[in-house]
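Going by the order they are written in, the chains are A, B, C and D; count residues from 1 in each one.
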Amino acid sequence: MEPRRVAKKKAADPKKLATELADTGRAFHARGWALGTSGNYSAVLKLQPVRLLITSSGLDKSKLGKKHFLQIDDHVNVLRGDGRPSAESLLHVAVVRARGAGCVLHTHSVWSTILSDRHAAKKSLAIRGYEMLKGLEGVKTHEHQEWIPIFENSQDIPALAKEVEALLKQDPRPHGFLLRGHGLYTWGEDLAQARRHVEIFEFLLEVVGRRELAEHGS
Amino acid sequence: MEPRRVAKKKAADPKKLATELADTGRAFHARGWALGTSGNYSAVLKLQPVRLLITSSGLDKSKLGKKHFLQIDDHVNVLRGDGRPSAESLLHVAVVRARGAGCVLHTHSVWSTILSDRHAAKKSLAIRGYEMLKGLEGVKTHEHQEWIPIFENSQDIPALAKEVEALLKQDPRPHGFLLRGHGLYTWGEDLAQARRHVEIFEFLLEVVGRRELAEHGS
Amino acid sequence: MEPRRVAKKKAADPKKLATELADTGRAFHARGWALGTSGNYSAVLKLQPVRLLITSSGLDKSKLGKKHFLQIDDHVNVLRGDGRPSAESLLHVAVVRARGAGCVLHTHSVWSTILSDRHAAKKSLAIRGYEMLKGLEGVKTHEHQEWIPIFENSQDIPALAKEVEALLKQDPRPHGFLLRGHGLYTWGEDLAQARRHVEIFEFLLEVVGRRELAEHGS
Amino acid sequence: MEPRRVAKKKAADPKKLATELADTGRAFHARGWALGTSGNYSAVLKLQPVRLLITSSGLDKSKLGKKHFLQIDDHVNVLRGDGRPSAESLLHVAVVRARGAGCVLHTHSVWSTILSDRHAAKKSLAIRGYEMLKGLEGVKTHEHQEWIPIFENSQDIPALAKEVEALLKQDPRPHGFLLRGHGLYTWGEDLAQARRHVEIFEFLLEVVGRRELAEHGS
């Protein structure tokens, strides 16, 4: 694993971004990380005031295209595009506010579902000692311990979003978090970095998940 | 997971439906949910009297095309198309009659095979607490418990179809059912909804299956 | 699972057959059933005297094309084509002689490797009670027990081929056999039937393998 | 498994080689062996003095193209191309120096990560009795025992490279090695042979990994 090149985008082109986010969504669906219309993906168009490009709700991710993205403000009002934003859009806004992220990705895999449930009582999962950790932005050694917060799943998304925003503002360490029985949120300064983080977390969750189930059972 | 958009089809176009069902079948085959010619897929063309578009029997699903679909009535008489309908077509008719479904999909995965066998004595499998459940039509919370009936596998399909129809008429809760050692049937008001249900059930069966085998063995 | 249509090929067209076998090989490689140049595939061009179309040895199956097939006689002399036939070609000849098969396929998957090793002492593996069994030619019910012989792996292929031919002539039941730590051989009257048998056995071996490892360990 | 044809390349064409290495990288990413920008791939352009074609650092392997390759000398100075070489390039140089390899490939899979960690204390992993071993260059029988050295993972790559080079010079047996919690390095006289070795090791690590976790836990 290596430091990686990040091309900072100066001016966000919504059509190009939507196309790239859609490609990402279809790739995640192919891997089984976005089945059953699960998952949502966003990119920041402006920070002051917040303007997000985000997937419309309830779509089959295998068929995701650039037309399936909305532009919303930080109260999830639709500024442009057809369709309804997901209630979970508030979690994207929370991450952008707390971290200044340029891109937020939510996946929903078998291993994130299992591990977020198994570790829910501890409210976090720690992963340490794997080279893959070095792919997380700013991490310099595999001896790094990544601490992944786990939030109880909830249908009260505004309350959950506040909780997420508060924790991410207070604690600069996490590169992602889990919702119990629900999946992973991670982010990056741009899509390439966020997508790299998804792949790294999903890989590590599979490694840890296979070992834990073998050791301790369900 | 989010409520999702459902575009109600007004007039069913058999060619378009057959093309979409064939695409679905090839995608299921790619995931390993339709190996060895297993699986069959149908869509309702008319409800009064019942007219179904359904896969012809014994086809390699990796090569499924629109020409491989038949039109049948509710006694499985072929009204149009070449080929023989599967005996299991009666199960599709049973679901359509009991639930007014617009589309019925049958997959045959490793995890549905294992779990339907492990839980056969209890005649059902209950799944609760996962966000993915919210993708099942009408479900509002991950705290929902989905109760999945399991029927003993049988070569007497007419008798099995009656049993299925009776249960689905009497109990409005299930979104799908399992045949022991055989696989999953699920449905929806249209293909998009039924396909979403397949992905959700297959995802949840993998989650539950991995945890159960780790805990209890085979 | 259903009876399936089998289009009997009257006159074998070597180019068409090679193209179809090559497509099959690439599909098997994509599933991880033919990694590391493993696997070989043949189709009968003539039975009296035996003339087989068969993969040349040592090829990356992800790149298999029609040019990679040889024509051989039943002593594995090359009658047409460039390249060397695999020593295992004798096993294809043995199956053709014993069963009059039109097509023989050899895959090398993780689950066939594990199960053929675990059950080697018993010299066979029995599978029963799964609907998928009905896809094996001539099987009418999931209550069928498929008895799969396991041969000790050997580098003396002529001796192994004799052993295989003798068993398959004497016992009409098996639809395939395993070589210990090496993989699956199965066949059919044509490619479609043989490929269906591969998918069925690989599916069942995964089901049985996952359950056995969970129950008994390695 | 069979002896395989190896077409010795006389004069290395950097563009063709880069295209083929890029195809290989995308194929490995598709299998989950190169997630999160992990992995790097090289081919020798000249041996005296060493001139390597090698992936630039930090790239999404799903998008790898021929433009993403650099030419470096054996001190990892960039002679041609844009981008930074990975620090791990020194490990490629070490393998080329010790073994005269024409191609070196590094993958980072779930099973190589788990097994390299489980066996780290023993500093090696031995695999024996599987037919797939015969695909490793020069191996004639499945009874061969492949001894795979495991090096402790380190951020001091120059020191690690020296250790690797010393061991590979001294011991002619290994066809590859593992870095703890980090992945596999293997090589070949050309890309085809190196890629075959990757597939063989990844296959065997999955077989051994599944059996070990079932037997002993994490």
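Please note the rule applied: a residue touches a chain if its C-beta (ideal position, glycine included) is under 8 Å from a C-beta of that chain, and two chains touch if they have at least 3 such contacts.
In this text the structure is predicted, and so the values were computed from the model without any measurement.
Q: Once the contact rule is applied, which chains count as partners of both chain A and chain D?
A: In this structure, no chain contacts chain D and also chain A.
Q: Where centres are the averaged C-alpha coordinates, which chain has the largest centre distance to chain C?
A: Greatest centre separation from chain C goes to chain A.
Q: Only C-alpha atoms count here: how many degrees separate chain A from chain C in terms of the superposing rotation, rounded to the nearest 5?
A: 180
Q: Approximately how many whole Å separate the CA-defined centres of chain B and chain D?
A: 44
Q: Averaged over CA atoms, how far is the centre of chain C from the centre of chain D? Could you give it in whole Å?
A: Roughly 31 Å separates the two chain centres.
Q: Return the residues of chain A touching two or more other chains; collapse runs of consecutive numbers into ranges.
A: Those would be 214, 216.
Q: Given which chains touch which, is the overall layout a line, a ring, a star, complete, or other?
A: Contact pattern: a closed ring, each chain touching exactly two others.
Q: Determine which chains touch and list them pairwise.
A: Every pair of chains in contact is listed here: A-B, A-D, B-C, C-D.
Q: State the interface residues of chain A toward chain B in the complex, per the touch definition above.
A: Going by the criterion above, the answer is residues 32, 35-38, 40, 56-60, 62, 83-84, 86-88, 108, 110, 113-114, 117, 153, 155, 179, 181-183, 213-214, 216-218.
Q: Going by the contact rule at the top, pick out the chain B residues touching chain A in the complex.
A: Going through chain B, the ones touching chain A are 1-5, 27, 31, 129-132, 135, 140-142, 192, 195-197, 199-200, 202-203, 206-207, 210-212, 214-216.
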